[in-house]
Structures are given as C-alpha cells and as structure tokens.
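One chain, chain A, appears in both complexes that follow, with chain B as partner in the first and chain C in the second.
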Partner chain A sequence: MIDLYLCHGHVYVWNATDACDLREHHRIVGTFVGALPRLPRQNVRLGRPLQLMPEETTVLLNKGIARLLDGNVPPRTGEDVSQAITEHRQQSFREQAEMCKSDRKRKLHEMASVIAKGRAAKRKKLAQKAMEESSSSVSSSDVSSSTWDQPADEEEPSLSVEEMRELEAKLEETTGYNEQAFLVQILTEQVTEETQEAIPWNYPNTDKEALRCNVFRDLWEKGYFLTSGGKFGGDFLVYPGDPFRYHSFYIAVCQQRTEKMEALDIVRLGRLGSNVKKTVLLCSESETGEINYTSLQWTGMN
Partner chain B sequence: MENDDRVEEEDYSPRVKAARLSAQELLAHRNLDRTVPPRGGTKDYAPDGSQEQEEKLQGMYSLYRRMLAEERVNKIGNLSTAIWLEDVGLAEVTVDKGKFWHHIGHTNEGKKYLYPEEAVFLMETNAIEVYWNNVPLAVQQAYAMMLGNKVSMEQYQVYAHLSRLGYILMRHQSREHFSWYERQIQLDEYIPLKERIKERSSAQVRDWFPPNQQEVQDSPSSGKLQKPGEVHTCGDNIASQESGKVKSASHSPVEHSTSNQMPRDSFLETQTSRNMKKGRNEQSVEDEQMEIQYEDSSKDKTENKEKNSLVLTPQEYKWDFTNINIPNAGQDSDVSEIPIPCTQLLPAGVQVNSVLKISTGAFSLNTKRGRKGKSNSEQLSKIVPNLKAEDDPRKVARNWDEYKKLCGVRRTVDMSDTPVAHLWEGDVTPLVRPSDATDMGAILSKLQVIQNISLEKECSSLPKPDRTLDIAYDVYLPDSRFKKSKPGRPNLRVCVQRFSDPAPDLALIVQLNQLSSPVPLLWAVVDNGDISFYSFTEADLPTDYHM
Partner chain C sequence: MASSGENKTRAVDLTSLLEHPKVITATTNKTDCPVNIYKEMVAYGYNNQEQVHVAMLVVLYLSEAKQWAELDLQPCPALQMVTLYGRPTQADNLQVLVPLGKQADLSPQRLRDFLTHVSLPQDELELEEPDLMTRRVTLAICDTDSTITFYRITDGFVPPDPPEVVAEKKAKKRQWKKRKGQRTQHQQ
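What follows is the complex of A and B.
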C-alpha cells in the first residue's frame, strides 16, 4: 500500500520506491518538487517529494492503490529518542572507523607488490651508490659490468611478513578517530515507528473540481499518462506513453456542459493548440455521467 | 541495497520502508555519480511496442530509481546546526560552517537566525541539520513543521527554485518607512531598513516628532521633551535640539487640532521647520487637511512671561487653519486634493460640488526609469509637440516684446485662403486645420483623440484592487560582493501566486508595479509544482513624428 501524506493542502509521496512504482505500474506521474540529493543546485531534475495533483490522489484512493495519511504529525521526542539517536550515531561512527581502517589495510595488501618493487629499486640504487664510492679508482666499464653482475631477481620482489606487520602497525597508529570526519545522513523520508491511521480526503468539493476529477479518471482509465496543463493553458496534458519518452498529444480543457463558451475562447484554444502542435480536447460530462470529448483543429478553407 | 530494519509495517506493506543508512551505505555515498540526465533530446512520437523504446524507457526508470533512493550524506564537519523555534517561527543557528551566511540569514541581538524557507532550503542542499527538541528533523518533518504557516508551500517552491539557480533572495520589506521623496532620490537604497526603523523608534526622535493625535494637554506627560532654544532660524532649532538642552520654558510642539490662531510673523518659521520634519516623517498623502506641527515661535514673550506653563494660549493665533486650506502642490505626491472652499468665499451662483484632485506628479524629472529614462528635451517635446527650433519663440525672440508677438502669431488661425473654409461653418468642425499642416507631428497631435496615459500617473483614478497581494522576495544576481547589510537595489522582485487563484485585475497590477518600480516585478505562478514567471510591462505605442 502506497502512503500519501497530506501536508498543508498538498499531497506528497516521500518514499522513493513508492514514487517509482506509481509511475511504472500505475501511470501516475506527479511532479518532483524537492532538491535532488546527488546534485541539489539545479532545476533540471528534481527529487523527492513527489507532489500529486488532487485528481491523481482521488483516483489512487478510489482504486485502493494508496492510502492518505496525515503529514503534520510531529516527530517523537524525548530523552529516550535523543539517546537512541546518539547511540545509533556513535555506533555508526565506530563502524565507519572500522570500515575505513579495513579499507586501508586492503589497499595496503593490494599495493604490497608495488611497495616491494619500490623498496627493491631503492636498495639497488643505494648499493650502486656505495659501490661507486668505494671503487672510485675502477674504470667506468668495470663499474657498469659490475652492476650487471648482481644476482638477477628472477622472482618478483615481495614484502616479508615482518615488513608487512610493520606497515600494518604504522597504519594502526596513523588512523585516528576524528569525529568531524564521520558521515551522517539528513533523512528525506521520516522514520516512523508507529502505524498511522488513514485520514479522509475531502475532494472534490465543487462542480468544477468534480468535472476535472471525472475527466482525469476517464482519460487515465483509457491508458493515457496525464500531467498538469497550466503551462499550455489547459487543465491536463495527455500523453500516449510515459512523458520521459513521448510528447503529449492533447491539451485537455474541462468545460461545464451548462456553461456558455464564447467564440473568442474557441479561437484562443485553437490558436494555442496549433502553435504548440497539440490537439485541444474540450471535455465535458453528459447527464448520464459519460465524458464527451470534442477536439479542435485549425484548418483552412479549401 | 541493504536497509537496516528499524520499522516493520504490520498491516499494509510487506516491504520495509527505507530507513537510516548503514555505515557501509554512508561510505558508498562518498563516491556518487554526480551527473543527472539532461533535459531535452529527441523523444519518440508514439509508443509502437518496439524493444528499442522499451529499453530506453526501462533505462530511464532504473536510473530514476537509483537517483531518487540516494540520500543526503555529509561529514559532520561540513554540516551546520540550527534549532527550530516554533514560537517565533525561526531557526536559530548554533553551529555555522560553510559559506551560506554570506547571503542567507539575519542576526538579531547577537544571535543568528534563519527564516523557515531558508532553513529548509539549506537542509535540502545538504548544508545544515535542523534540530527540534534535540531530535534532528527529516526533510518530510521540516516541510510539515516549518512551512505552511507563514511561508506557504508555493512561496517555498519559488524560493527554492530561484535559490537553486544561484540567485540571492531576500524577503521584501515594505518601503513604507521611506517617504516618496526619499525613494525618488534613492535614499532607501542607502539607509538600511533596520537603521531606519531603529531611528524612528528611538526615544529621542519620538520626542522631536510626537504622534499627530496628541492633544495639547498631553504634552506635559510626554516625558523629557527637547525644547528649542531661543532662536529664530531653523538651523539653530535643530542644533539646539541635538545638543539636548532641556529648557523649562513653555515651548512644546503643539498639534493644531483645535481652532487655534497663530501669529503671522512666525508663520514662515514654522513652515520651514515643518518642511524639514517632513523629510524625516512618513508622508500621509491621503490626508485631506494639513496637519500642521509647529514650534511655538513666540518664544521670547512666553519665555519671559510663563516659564513653567507648557500650554499655549489660544488667542495668540490670528489665522484659523481649519478653514483655510493650502493644498500641497509640491512634488512629493502625485495627487493632491483641493477641498471644497467655504461658500462665503465663492462668488454668487457658483457651486463647487466635489473635491478637486490635481495631478502634480507630471514633472517627475528625477526618477530613474532605467533604459526608458527621458532627458529634459524629450520631456519638453512631449509637452509642446510640434515645436521646431526656428519656430520656438523662446529661441528666436530677442526681447520680451518680440516674444509676445511671436506667441500671439502662433495662436491666430488663418482661414482666409483655404478652399475648405466652409467646413468650419457648422457645429461640427474637423479636428485638423489647414494651418496645422506644418509637419506630421502637428497633425498627429491633433488627431490623437485617445491619449496615451501612463498608468503610473493615473493609478489614483483606478478603483482599489479587490484583493491584496504582497511582494514576496527581492532577487539579486549572484555576486561575491553582495552584502546582507547593504544589499542595494534588487535586480528583480517576485510575487507568488497559485495557478488556481484569480488573475490580477488592472488595479492590482498597477499598484504592485508602482510599489516595485523601477525594479521589474515578476509574477511567479505555481501550478502544482510547475512554476512559470510572468511580467506585466507598460508598452508605449509608437507615434512617428518624423515621416
């Protein structure tokens, strides 16, 4: 059951899995309104919470896909709660410290051969220097040949067990416990321990809202994806598939059956639709509750 | 991803709600992929059931699942801390790390505070932890507790949207503390609002300018009054007040609310001293009667006679200012009203029914209108539209007589040698006379029956808007030299509306534009999470004078 939270008149989905399920399995798109944690200072892709239109909420609640909870419940406080949180953090810090240390150790072992090679090369250099100093009278050719006379290292240089232990000990010393460097999480979704009761959803209230709800439900049941249409001057934008991959075909404008429309409105909507290459759908509800659609298309006279 | 099982929902969900991350997951958050899929790119036309489309869609879905599930993780050393104070509706910053204090937050009595929208925004950008009753809040709880009361969700959305883009947003303070004149000379951008409020509320200043409704008898009870010295000039007046001399003489600022008379010789002094106070006091343009505050200027006499009485005797004043009204024709107000004169002063048979409103704001030569600013000569050419240099009497005339003659010549209408003289015989005459055909501008000015008005000048004649709307934020472009204490003039102002709210009527648009001028005003309309910005600007239809 997907949880929706009613907070100051808006309905939010805070759980990441729920938000993705709503889109993938139930064709409810919504709008993300929060900052995206991985890149908070941009407006291209926003993150949780997912804000739902009232019509989307109505559909979800009526179909039993989701339940509505009160978003204004304050968090539990008290000595025990703060204590628990502090303990959890301390535990987390200890674990993080352990993990960091084991990480470094693992890296050390990975680099063992490289370290060994480096040490061997250093030894060679030092030896060479010593030889040069001691046998300064020997000719250069002799010196060069003598270097080649050293026993060839057939096997890969490796650290001995004592050397390894020495390095590990050094590591233990240098890895400190700096509390300021530990990571904490700013929770997005709250952690609730009590179960909450569902609250009633008081929408729609007016005829206009009821019409919008019914039009939304009808189009949604036909298999379309719907989002808010304010940017295009209509009530909804109707997509044949997920808005990620497809453009919308229709701008749905809800019109009361009993309300008069002016010719100017028809022209305005027609012009708008033709400019953005979408078809305007005038949607109204008949007396029997059936939704009727009229599309507007700008044509010339032949 | 392994989640710590802290919560188990018994009734409904078999799966566990995401909870606190384990140490391993926290460490994994150090090396996140910080790229986001860009907006745009080609979309397909319609779903055709092909595998290719399905793959692209699934790719997007899985990316979103990963992206959304990521949490905000930061080192403790990088996180500031704040405490949410419910009663005042502010978050008090206890630990300040990071660079946000440069353009966010304010201090009050030595403590640092954040507005709720600022605090939630900083939480979302992973810069601060907000505690409430020693419990760190989640973003969900912050939305519920901190927003929604004084800051609506829409307002927060607009704030966050613009702040994420990098703009510096400050809450809009109403500029009523500055008089129209001070705004005109842009003094309000130099004196910070806090100083002005402090200045006006300080006790010293209060005594200089006691509130208008104070009765004459109340003056003894107004505490320590600064009494002006024995001077006749205004400069000395101020000097003595500033020096803080308190004289026991009977000087007191008296409010002229009763029918007191005033000595004529002191009228000039009081007017000038009043004008100086005007510069400091807030102007109430709507007053129909002039509230005159004046110093008792017959100081010499009273100082000698009644040293200890603070009340001025009424018979000192000769003019009754309740009946004589001198309208304010100065340039500090756009409109001034001339009240109906008393019938005794009018000639017989003449009736004045209504208060006359005169617009004195026509010559606002000093206001900066940005790129639309007009120079003096342009202004003059609007008033006298068809004035060419060789016709301008002021330039051609060499003495006063010539000037008068030239002006006279221009006024006569010569109808003798036109073939269309018969058109002027009836009642209805053409708008344009043949003598007007000097140039295009002259003809056009005669034909312009519908005048272009400037809404800002005429806004007083519009009805009051049916609802009030506050300007929410002053927007500044991102600037490293920005100072919170002296932000200067904002680049934009923003007011927030819902899409479902009624559209603003003309009066509201004009009122808000005027409140915000010369800074452009943007209307942020929030439609369920989508924000669109609109602005209303006055457009001048071009009239071509030089064809």
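What follows is the complex of A and C.
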C-alpha cells in the first residue's frame, strides 16, 4: 500500500520506492517538486516529494492502490526521540569511519606496485650514494639490508607480505575518527514507526472536477500515461508510453456535453493542435456516463 | 450586429449573383441539367437562411476556387441543415462537409450529432458496411468576411502523424512552393 500525504491541499509521495513503483507499475507520473540537496539552485532536475494531481490521487485511492495520510502531523519530540536520533547519527559515523578505512586499504593495494617501485628506486639511489661516499664502510642502518639479496634490475619490485602488513597497521593508526569530516544524513522521508490512520479525500466537489476525474480515469484505464495539460492549453496530455520516452499524442480538453461552444473555439483548438503536432481530443460525458472522444484535426485545405 | 433587415439585403444580393450563368451551371454529380444550387437548398425548407448562405459560399469556394472534382448537396433532415459531400480529386475519398457560420450554435453534443446524423450518400454506403454511421465529418467554418476554415472531427482517437510522415509532408510542401515560384517566374 502506497502512502500519500495530504499537506495543505496538495498530495505528496515521499518514499523513493513508492515514487518509482507508481510510475513503473501504475502509470502515474506526478511531478517532482523538491530541491535536490546536492543540486539546490536549479529547477531543471528536481527531487522528492512527488506531487500528484487530484485526479491521480482519486484514481489511486479508488483502486485501492494507495491510502491518504495526514501530512500536516508534526514530528514527535521528546527525550527518547532525541536519543534515537543521536544514536542513529553515531551509528552512521561509525559506519563512515569503517568505510573510510577500507577505502584507504583498497587504495593501498591498488598502489602496491607503485609503492614497491618507489621503494626500490630509493634503495638503489641510497646504495649508490653510500658507495660513492666510502667504499669500505657501508652504513647498513640507512639502507635496508634485505635488499642486498634482491637482484635489483631484473624482477618487477613488489611489496612483501610483511611490508604490506606494516603499511596497513600504519593506516589504522593514522585514520582518525573526526566527526567534523563525516556526512550527516538529513532524511527526505520522515520515518516513523507509528501507525497513522487514513484520512478522507474530499474530491471531486464540482461537476467540472467530476468530469475531469472521469475522463482521467477512463484514459488511464485505456493504458495511457497522463500529465497535466496546462502547457498546451488543455486539461491533460495523453502519452502512448512513458513521457520520458515519448511525445504526447493528444491534448485532452474536457467539456460538459451541453456546454456552449463557438465555431471559433474549434478553430482555436485546431490551430493549437496542428502547431504542436498533436491531436486535440474533445472529451465529454454522454447521458449514460460513457466518455465520448472526438478528435479534432486541421484538414490542410486552404 | 447583423439585424434581420441586413440579412434580407444580403440574401437578395446573393440571389442576383447566383443568377449569373456560370453559377447556374455549377457541377452536380447526378444530372447534367443546369441547376440553381441556391434554389435547391432553399427548397429543402429548413428555414435556416444563415446556414444556406454559408453553404452557398462553401460550394462556390470549393467548386470554383479549389476546382473540386465532385461536389454535391445533401439535405440532413435530422439536423435541419444543408450538408455537402464531394472529393477534391477523383483519387481522393468522399468527404462530408457541414457548413457552419461563425455564429452557429455548437456544443460537444452538437458535434456528436454531426457525427451520428450526417450520413454519406446512399450509393456510397452500399460499398461499406450497412450499419456503419459516418464517423468523420469536415466542418467548414465561415467567417463574416467569407473566409472559410476547414477542420475535421472524428469519433475516437486519431493519433497525429509520426515524425517520418511529417517530414515527408514538409518536403513535398517545399517542392510545391519551389515549383509554384518557378511557374510565376516563367509567367513573368
């Protein structure tokens, strides 16, 4: 059951999985209206919450796919809540510290051959220097004696197991636990273990709203994707598939069956449709409650 | 605002125009005798002068200006209106047209009435399924200055042309314009 939250007259989806589910399995698109925390000063790409149209909400509630909850409930406060939050944050910091260490270890292993080469080159240099300074007395304290046994030029230098362990131990020591450097997660969705009661949905209220709901439901049941049609001067835009992949085919305009129209309205709607290469769909409800669709197209004669 | 007096004057002017010999011999599909189309429309007895007037303008436009291969009248008793049917060239399908004045009374219900009651002529119906009512109508909307705009209404969903067809049409149009331009150049 998908949770929808009614907040000051608007319906929002906060859960990320639910938002994906609505689109992929229920053909409900909605609109993202939230700022993305890491991309705040733009509105090309927005994030949660997903805002739903009243018609979308009506369909979801009537089909039992979702339930409506009160989004105005303020979060609980108190000592226990504050403690839970602190504990959650500490746990997050511990996990981040672990991740940081394992990340550095991984990098160390990746760089192993480079480190080994560097060390071999350094030893060679020091050895040469020592030889130049005095031929007889070799100060072995400066130079690691184990390397004398190694044939320097022939093999690919690599770190021995002891050397690796030594480096790893150093890493453990130096990787500190610095709370200032950790990320603090601010949850987009307010997670609560409390059960909330569903609240009533008071829509549609007028004939016009009812007509829009019925047209939306009918088109949705036919398998189309629908979004709001404001950009094109209609009630809905009707897509044959996901709006991400297709342009809309129809601009749905809902009209009462006996609503007075002018001939100029036909011309206006027809012009609009032909300019944007979409068919205008006049939707009205018949006496029997069935939705009738009339396609309006320019003929091309003139 | 047009008063009934003005309408009468206009009708009289139109009649005198229509007595012009060229108009009298405007094409009809059925007979070769010259027929006064205007008089025929009035004879339907629908008492709808505005609509008859508009229908006449559409007939003149399509037969003289657009040179349609076929154009005929068809009364529609259910709607008390004059309708037309015809085809631009012999190769095209038969179309049904409903002439409408700018002031015409319209509503979604009325549009559906057009679709259900405006029928194709009988002989055409025999070729298609007998119980298939007309589901596509062209509205010929006439403005006060006699410009006519044509829009088609169809029952159901008519998807727009896919991008390939749109590109094709655009290319054809460009070719036409080019040829037209060349032709006028030659004339000059």
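Everything below uses one rule, namely that the second predicted complex is superposed on the first by the 236 of 302 C-alpha atoms of A that agree within 3 Å, B and C clash if a C-alpha of one lies under 4 Å from a C-alpha of the other, contacts with A are read in each partner's own complex, and residues count from 1 in each chain.
Operating definition for what follows: a contact is a pair of C-beta atoms (placed from the backbone, for glycine too) under 8 Å apart; a residue touches a chain by one contact, two chains touch by 3 or more.
From a predicted model like this one, the values you see are computed outputs, not experimental measurements.
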First, second, both or neither for A:Val191, with chain B first and chain C second: first
Contacts of A:Asn43 with chain B and chain C, given as first, second, both or neither: first
First, second, both or neither for A:Pro157, with chain B first and chain C second: neither
Touched partner set for A:Gln51, first chain B, second chain C, both or neither: first
Partner chain(s) touched by A:Pro204 [first = chain B, second = chain C, both, neither]: neither
Touched partner set for A:Gly233, first chain B, second chain C, both or neither: neither
Touched partner set for A:Ile266, first chain B, second chain C, both or neither: second
Chain B versus chain C, judged by how many residues of chain A each one touches: B
On chain A, positions contacted by chain B and by chain C: 240, 249
Residue ranges of chain C touching chain A (in the complex, touch as defined): 66, 88, 100-112, 115, 138-139, 141, 149-161, 166
Residue ranges of chain A touching chain C (in the complex, touch as defined): 240, 249-250, 255-267, 270, 273, 277-279, 281-282, 284, 286, 292-299, 301-302
Chain A - residues contacting chain B, complex: 1, 5, 7-10, 12, 14-17, 19-20, 23-24, 30-45, 47-49, 51, 53, 67, 71-78, 81-82, 85, 88, 92, 95-96, 99-100, 179-193, 195, 228, 230-231, 240-242, 244-247, 249
Complex contacts: residues of chain B adjacent to chain A: 6-7, 9-13, 15, 17-24, 26-27, 29-30, 32-39, 43-47, 53, 56-57, 60-61, 64-65, 67-77, 79, 121, 123-126, 129, 132-141, 143-145, 147-148, 152-153, 157, 160-161, 164-166, 499, 525, 527-530, 532
